[in-house]
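By letter and in written order, the chains are A, B, C and D; residue numbering begins at 1 in each of them.
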């Protein structure tokens, strides 16, 4: 670390930092964050530890970020078998099954296809799982509590173009998408979605999709639960029915309060979190703060975000940062003064369909106590009189 | 690199890559591009070589990128004294001179200020310098030819808020902004711009501004030449007149054809480049291509981009990728077929003020032959019958 | 008129994991196995992660629920075919695709028999596996069929 | 009503490089130097980069134009004050802020005298430096004054 150089001038010059007295570092081919920001990392959780470290999730540290784009290095990961070292030269995308012309595509050929660019969030349907199932609210940051959520400018090929070249037969109603990873992760996707706005994503924030996010190509289904956006996509198998793959049979089905279950729950519900302030932070004294957070919905653009600083009795409308894009994270902001009293902060989002976030107890009432998927309940933060910000159920 | 595993099944199973037969890599705190993409780097130019390597520029490789956001690791650099190792704890922003209350701000305090988020390009006014002055067109990629241009989602504090807290006196008409680097780079900026849309940028694509781009804070002046967007900003000195600093006296003034010069040329003109295809590429056969490129203007949003495939005789309007934002890179696209004949490709952008890019000869006619600043001339790419894409003057 | 740069894909280039065995059994290969055969493979290759009896975990227990997992595969999943396909493509997690078709049938049989859905000696194969009546099958609402992508 | 979290900044906390010497000489410190004095410093600390006579380069020549740089500081810049301030804050590029005020005056004098704008023995100081009539001063159009940020 740079220190302070001794004052140089005879007269009353202030001390000056030593880095202004030397030549700086040379240019470099690929930049990284400052060394002082090395703590800004994804929060890695390996629930089975060393027994199965390739099953893991790592959350975006939203409490340390301020825009709407997630830097690619901090995009959340959920791995069902680790991050494969896919060779882009060997990798192929196959389209087969109920098609006129089974086809395979290599990466170079795909570079000539028409592309679209669109900013979309991805959210694991297991995001916010601790708040769903922990009996007492866990004291952790937004990285651990809500980090399985990120926002990216994706660029790639409309899936409809590739499927049309293969020629989907009339009886082709579903597509089983398979990843090029160890477990060959597979999900069944309705053909409607693939023909509508699905993308074969090749670029993430301008550069090639990162290994963690599916290098060299992934499926992008705007608004759908993260798991369906198959990474390292290698096969689209057109079928007449869903295959009931592992994830859609168990892991990504929700147990309801009545003991039954729901399957094929694709859309991510309207949701918001206040990131500033948020749990693990300490207020730096009374006075002005800007409440800032993120809102999103799998159904379309965010229409409104309201903030309560009195535990939900009264609400004020926050400003939404333009451009408010469909199925993308939207930042909201509201000026506010903290007068030092204990305060319960909440945010409540509404989307363009009129859907509004439920309270935690409303949400819990729908599901079996064990369910931790699709938790879009309102998040409450308690500010203590000492200025500690805590995760609470309210 | 992963190889091919021997077929495993007795019956006719195809060979499968070995990475689908093993557990993948563990999650990591901060991700990087795939090893196979290691060639996607900024193009570093150190014109004075080892004599003064801290004077350098390094260009964004637009020919390898496809969206509109520039990944932060590939944001262009222009350094007048290298990249300083600024200690964010010691760094202060000072506001002084013709103000009621001289103030200093540390990074933690600034975190409580109201913030805005906006996507804007930065372009060095020396961008495209080789095409301005080289007698013969240089055969190089968009990184070298047009790389001093990038696009970022910036988040920070409106400068007007900070200046109003200091209380600018009526006679305060200019502000000398100084960076915390070796040469203490300084530029005079009209107070109008600072009060209008200038930002103290603290975040770049969501995370803290990178060292190359001014960590821990930089000045952002949407639409103004890159050099004025002072990096590592440490001082705003309010004055009654411009100081005529080094850069605004010489390096960033333009010599005109009549021998006189222009100073205080702030706005970046309307401009566009086709990135796909572009020089150094080779066409991969005849048939369908999507022409894709970037357009921008310092004066506001892009209104129209036209493409010519016959050297400027006829023009077709390209599609602009939404959202088309003011003073941000806008991607344009146009489907096209290459039939194997020699072809001269050009793009021509028009902005919301009605300004249109000049041809290279129109642009050259205005300036002294030595001038390489503010070159926004139309770029032409020649495709030979062999499919080589070359930089040409047309 | 797109680029049309896809290459013809022939049947022998498509690995089995590019498809999925369907609930009605389409795609099941020849071969078979019983729970008794599966027990030995399970003990050797699976128990360390999923628990000695398939209940203890720590990883999601395929046989019975435990404190951290309420949806055991052998009870919650609507179709037994998924057991075969998932095990064959993905398990053990450190050596996916290392199991033979026979072993995968036997392991599915093991999990099903521990759940009391088939007998210890019942061979699971292309005919018997899809015929297993999974207890939870009719306990699902198909949300896509009911309301599309609208959240539940 | 903003946060109002700025701390009062006192005069003795402001380093000289947080300001800039103005064209009319405001901000120039005491001291001074001549071209003759500057010649020795230039030869020792500057010539390696800017050329023996200030014309050769390779770095931008401050004295006369060459093939790669048409705007030498001592001829093109409108105000001589800029020479003093820039040299003091930024040069030599490997040791910025290492020069004394006297050295900086002397180096400005050296560049000005090589351009024939002052005599070899003319001392440059807070009074004489702003009075130097730079030859190119009236040859600039101030584009901001004329048309704001609209590109030229």
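Going forward, contacts are C-beta pairs under 8 Å (C-beta built on N, C-alpha and C of every residue); 3 or more make two chains touch, one makes a residue touch a chain.
By chain, with names taken from UniProt: A, B = Sulfoxide reductase catalytic subunit YedY.
Remember, predicted model here, so these are calculated numbers, not experimental data.
> How many angstrom lie between the centres of chain C and chain D, each centre taken as the mean Cα position?
77
> Let me have the rounded angstrom distance from the C-alpha centre of chain B over to the C-alpha centre of chain C, please.
Taking the average C-alpha coordinate of chain B and of chain C, the gap between them is 51 Å.
> Report the inter-centroid distance (CA atoms only) between chain B and chain D in whole Å.
29
> Residues touching two or more other chains, restricted to chain A: which are they?
Correct list: 20-23, 52, 54, 81, 109, 112-114, 182, 184, 287-289.
> Give me the residues of chain C that touch two or more other chains.
2-5, 13-14, 17, 93-94, 96-97
> Does the chain-touch network form a line, ring, star, complete graph or other?
Basically it's none of the tidy shapes, so other.
> Using the touch rule from the top of the page, what pairs of chains touch, sorted by label?
After working through each pair, the chains in contact turn out to be A-B, A-C, A-D, B-C, B-D.
> Which residues of chain A touch chain B in their complex?
The touching residues are 1-2, 4, 17, 19-34, 36-37, 40-42, 44, 46, 52-54, 56-58, 64-75, 77, 79, 81-88, 90-91, 108-109, 112-117, 153-155, 180-182, 184, 202-203, 205-208, 210-212, 215-216, 284, 287-290, 292, 321, 323, 325, 331, 333, 335.
> Which residues of chain A touch chain C in the complex?
By the definition above, chain A touches chain C via 48, 51-52, 54-55, 80-81, 94-97, 101-106, 109-110, 112-114, 161-162, 164-166, 176, 178, 182-184, 186, 188, 190, 193, 223-224, 234-235, 237, 239, 241, 243-246, 249-251, 253-255, 259-270, 298-299, 353, 355, 366, 368, 370, 374, 376.
> Touching residues of chain D toward chain A in the complex: what are they?
Contact set of chain D toward chain A: 1-5, 12-17, 29, 93-98, 101.
> Inside the complex, what are the residues of chain C that reach chain A?
2-11, 13-14, 17-23, 48-49, 58-60, 70-71, 73, 76-79, 81-82, 85-86, 89-91, 93-94, 96-97, 136, 139-145, 148-152
> Give every residue of chain A touching chain D within the complex, in rising order.
8-9, 11-14, 16, 20-23, 287-289
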